[in-house]
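Chain naming follows the written order as A, B, C and D, and within any one chain the residues start at number 1.
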Amino acid sequence: MTPGGLDRTDPEGAVAAAAKRNSNWGRWGTDDILGTLNFLDEAKRREGAALVRRGASFSLAQTFDADGPPKGWRRRTNPVHTMLDTGLEAERGTQGFPHGIGGADDVVFMPLQASTQWDGLGHIFDHGMAYNGRRAGDVVTSEGDKVTGIETTAGLIAGRGVLLDVGRVAGDAAGELPDGFAITVEHLEATVAAHGDSARVGRGDLLLVRTGRLARARREGWGDYAGGPSAGLSFTTADWLHDTEIAGIATDTWGFEVRPNEFDEAFQPLHQVAIPHIGLFLGEMWDLDALAADCAADGVHDFWLTAAPIPVTGAVGAPVAPVAVK
Amino acid sequence: MTPGGLDRTDPEGAVAAAAKRNSNWGRWGTDDILGTLNFLDEAKRREGAALVRRGASFSLAQTFDADGPPKGWRRRTNPVHTMLDTGLEAERGTQGFPHGIGGADDVVFMPLQASTQWDGLGHIFDHGMAYNGRRAGDVVTSEGDKVTGIETTAGLIAGRGVLLDVGRVAGDAAGELPDGFAITVEHLEATVAAHGDSARVGRGDLLLVRTGRLARARREGWGDYAGGPSAGLSFTTADWLHDTEIAGIATDTWGFEVRPNEFDEAFQPLHQVAIPHIGLFLGEMWDLDALAADCAADGVHDFWLTAAPIPVTGAVGAPVAPVAVK
Amino acid sequence: MTPGGLDRTDPEGAVAAAAKRNSNWGRWGTDDILGTLNFLDEAKRREGAALVRRGASFSLAQTFDADGPPKGWRRRTNPVHTMLDTGLEAERGTQGFPHGIGGADDVVFMPLQASTQWDGLGHIFDHGMAYNGRRAGDVVTSEGDKVTGIETTAGLIAGRGVLLDVGRVAGDAAGELPDGFAITVEHLEATVAAHGDSARVGRGDLLLVRTGRLARARREGWGDYAGGPSAGLSFTTADWLHDTEIAGIATDTWGFEVRPNEFDEAFQPLHQVAIPHIGLFLGEMWDLDALAADCAADGVHDFWLTAAPIPVTGAVGAPVAPVAVK
Amino acid sequence: MTPGGLDRTDPEGAVAAAAKRNSNWGRWGTDDILGTLNFLDEAKRREGAALVRRGASFSLAQTFDADGPPKGWRRRTNPVHTMLDTGLEAERGTQGFPHGIGGADDVVFMPLQASTQWDGLGHIFDHGMAYNGRRAGDVVTSEGDKVTGIETTAGLIAGRGVLLDVGRVAGDAAGELPDGFAITVEHLEATVAAHGDSARVGRGDLLLVRTGRLARARREGWGDYAGGPSAGLSFTTADWLHDTEIAGIATDTWGFEVRPNEFDEAFQPLHQVAIPHIGLFLGEMWDLDALAADCAADGVHDFWLTAAPIPVTGAVGAPVAPVAVK
């Protein structure tokens, strides 16, 4: 057993138990496709908007380009951005346009989870079952997610954001947690306590948890940022993620959960509870550093957050350019 | 001469004159890369956030998929979204993951201006010159826009939005303007007057102009939505776009300006003034219909608007999922 | 009943009967992945090479570009070819290379069946079964065709080619068959007879059947070349395709079989017999016109043919640049 | 000076001198776009076809997939192959097709030089000039190579192939040359001598030079196969490449020339002479091992070779699936 009571040899049993305790299947009806976004209502948006005091805005997106963290795991490559026309043709005057107008245009090929993104509810399954008790193959086929595609969240993800800077509270002098550091409920609550009232977490909130992993990658190079060891949420936080009734949660890591995972042979077991059972939206590879520095400076850890994913029809995850405003 | 004083035979002269009257080159220094986003400051964000009264949110994005308006003009195809893994493999149990976890994952290939998007400042040139007096070929090469790439706007595009529903004020019973309808300053001002004080337009605002073109396409099919005839801004609005000191402007059409353009042989002449000379951010293919219906219902035409493009490094335009909150 | 004895109302029954008569399942062992390519042996290659008399070569490939026949059906778009570097950067001297060297480089995004291609054995299934009695889902998943991927044919498709120019023999003065013209065994045999001994068809041959459909598209524009009406093989040729023991067959049409198909409600029923049951390789969108003109001129209808598909691992079809040499 | 007389400090001078000695500009007229393919005529094809004695065929292509050598240098990633439909949907019966037919279909995104390929004449420039004295920017723009695009070679690259297995003749017991081994004219001639008369090299031949580099990568993993150290042609072979009047040359390495290059600061200087000045077609990443083993076994080093690139319109390089037949 680990300190959190996990039997390292039985991830399947742990997942099953946590799933049973925390299932939201049927909570919002058998047709529900929104999961925890049901918690994010108009009142929460009013509460969030009221947090804009200075008008300072913060981008929480990494850039999308060929120099990002992906290393090709399961065909997740870096984005490749190419041009259809450039300023050079415009200068040369060969574009065929009249009256001196010239243009540049571009295309991109990218895995939808190559950089800052939301996982949709069709991204992860448990024993072939998707969120709300649907068969995985009835939800996501080669045509995409026909039920809970990311476009079904359009316009919803805007509300009160809260930053828990666990890296600063529980990490080293640079505000970074070591790889393999499992963030437990105790760490989360200690961080809330350290930050004060603006960091309270509850129903409908969009929670951001900073580990410092991205800050280190920025300093040292990507290395194994994508898929390698990292601090992250402990599997033992599953009940807390459910009970707090947050609408979504995002981290500055590739995989949200602690890696290596807390079982002998496992792969992202907290995802297996959070997405198909809780119906929770998980954000990954967010850049929380500038916002965190500001929160540390002024002591205010909540803000207005807009984080609408690009509505690629049927996507099981999607790029997002989140903006926090304080 | 047209009613607006345009000599239909001389788009090049008209562009040159409008460019001279409205140039912002050097206004924010020789190194400036933000253009009219300089107008959008923290005070404006505070003003915008204060407009959130009900907490109602509206997505202004079209979906991104193979059924969109692009028809392949200059290689601008529809997005192609494909899966790397699906729920079917998860059900079949062939994904090679432990403890019953399964996953779906996806990629997309798309022109960056295939659906709801912002034009970046490197998208359009005038006689081989880009915004702020740079040579087009020094700005945008095959490697992308190395100076004013869309990622340089990260976090900035959040503030007060204003909807001018010209379709409802000047259009038919369905609230739609006919193709070729040139929206002039008179139409814009009449719409402000009809909407009332909440529709005032000024420095730092993000202006949305609805023509009804998308509503028609939704009803009748895309047809020539991409590149064909449409209502849109008249070339004669160039000075107004400059003088109002708006931070950005978006429409529900493919091309922002009226089409056919108001000269005998022309292609998007207002772009040629607005982007390289004014440094104005143009949004295209936004879906303004649900928001417009709400504004018509409650009579309030301003709101909080967040519209951060996906920061594809070096992009001259980028997908955006704008969210308005009232 | 149609003249060929088809019950137009029962494609499923017709497919089942033809499949039963012509199945090659197990013929080359339960592990076989090559189907009719088993007929193409070294003796056949010697026979083919001996047909090179003048050394005249003919490309049978259409180009691959944005101006091709695809119209987006089931996400089959045209190829999009973009540049990573161009001669303009090379001239400008901004590529960062030493001693005056400059370079251009490029990428492509394309459906593998966007232009001249071979269908692999994993392309078509009958009631969920693939070639040689395998379950379709055991063969082709999101990871591609793990059993009969096109790369398994590497090096094999080179041998004796035979052109049957049915368009010239049975068509109009321009050598073109009308849309909906079903090429029957009688037409094929009459064409062999008209062409003479060089057009005999047998075991291991690579058969090319020209309808004239591409010639018309070249003259009139693509129109519905991709998926629309066309001359093509009759469903009633299934037994002949099996009994002749050809190694592969290609046409100048999008879909190989006559379209509309010869049943009231059907989709490519001959594929359903030919690929999963006969294990026959089908080529589509080949350009046979220059070769056909030469064959008409010299009366020789067989030649050395090399048509190795690009070995994209796991592909169910692949681009090919076939070369015939006489 | 190096043994070959190279001044390691002056690649630019060496390139200029070699270019002057070996230029083919104007040799086939000012409009020529084929370069050394002009040497490959019908007589050569007859000679090549006569070399087919056994009918044994050899694929010289590597596979195209996510596990290849590219590492993302200048956005040259590995191919990403994804499915539009799979056997799983076919089994499930959800594809919407009648009478039990099911299908799989696929797309690919790939750099055109990600695997086995031909360099086109627009791939490399010398001081902003392309083959036959054209300005690089007049040849290759964002729209591709409008003059010497790879599609202009359609049908031509089929003739007599010759393998010089320098790895076996001059390498270690495994038949491999060490990294940095510069293959000189002496090595080439010694290899011809060792192989005997079937290895003679002359006008119109397609020459294959094996270093053993791919065999090592196959054994040890890709490592720096793409762009790292390797055996390859010495810069000093430029005159020989010109004087032999070969039609094309291909190797089993990433970059054709020895790497590191033979100057202190250089990048692919032999390309700079061979492509724009000689107009020579260079093949890279070919898999010569199986063919080489056969040649070593039977002592015959010439054969029929077909190597037509996929005619992507405007491509400066293109995938090819070469087939040799003996």
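The definition used in the following text is that a residue touches a chain if its C-beta (ideal position, glycine included) is under 8 Å from a C-beta of that chain, and two chains touch if they have at least 3 such contacts.
Since the structure is predicted, the reported quantities are computational estimates derived from the model, not experimental observations.
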Chain pair with more C-beta contacts, A-B versus A-D: A-B
Computed distance of Cα centres, subunit D from subunit A, in Å: 44
Rounded Å distance, subunit A centre to subunit B centre (Cα mean): 27
Multi-chain contact residues (two or more partners), subunit D: 75, 80, 82-86, 88-89, 92, 107, 109, 137, 141-142
Touch-based graph of the chains, sorted into line, ring, star, complete or other: complete
Touch list for subunit C against partner subunit A, complex: 80, 82-84, 86, 88-89, 92, 107, 109, 142
Partner subunit B, residues of subunit A touching it in the complex: 11-12, 15, 41-46, 49-50, 52-59, 61-65, 67, 74-76, 79, 81-88, 90-93, 97-113, 122-128, 130, 135-142, 144-145, 151, 154-158, 263, 265-269, 271-272, 304, 306, 308-317, 319-323, 325
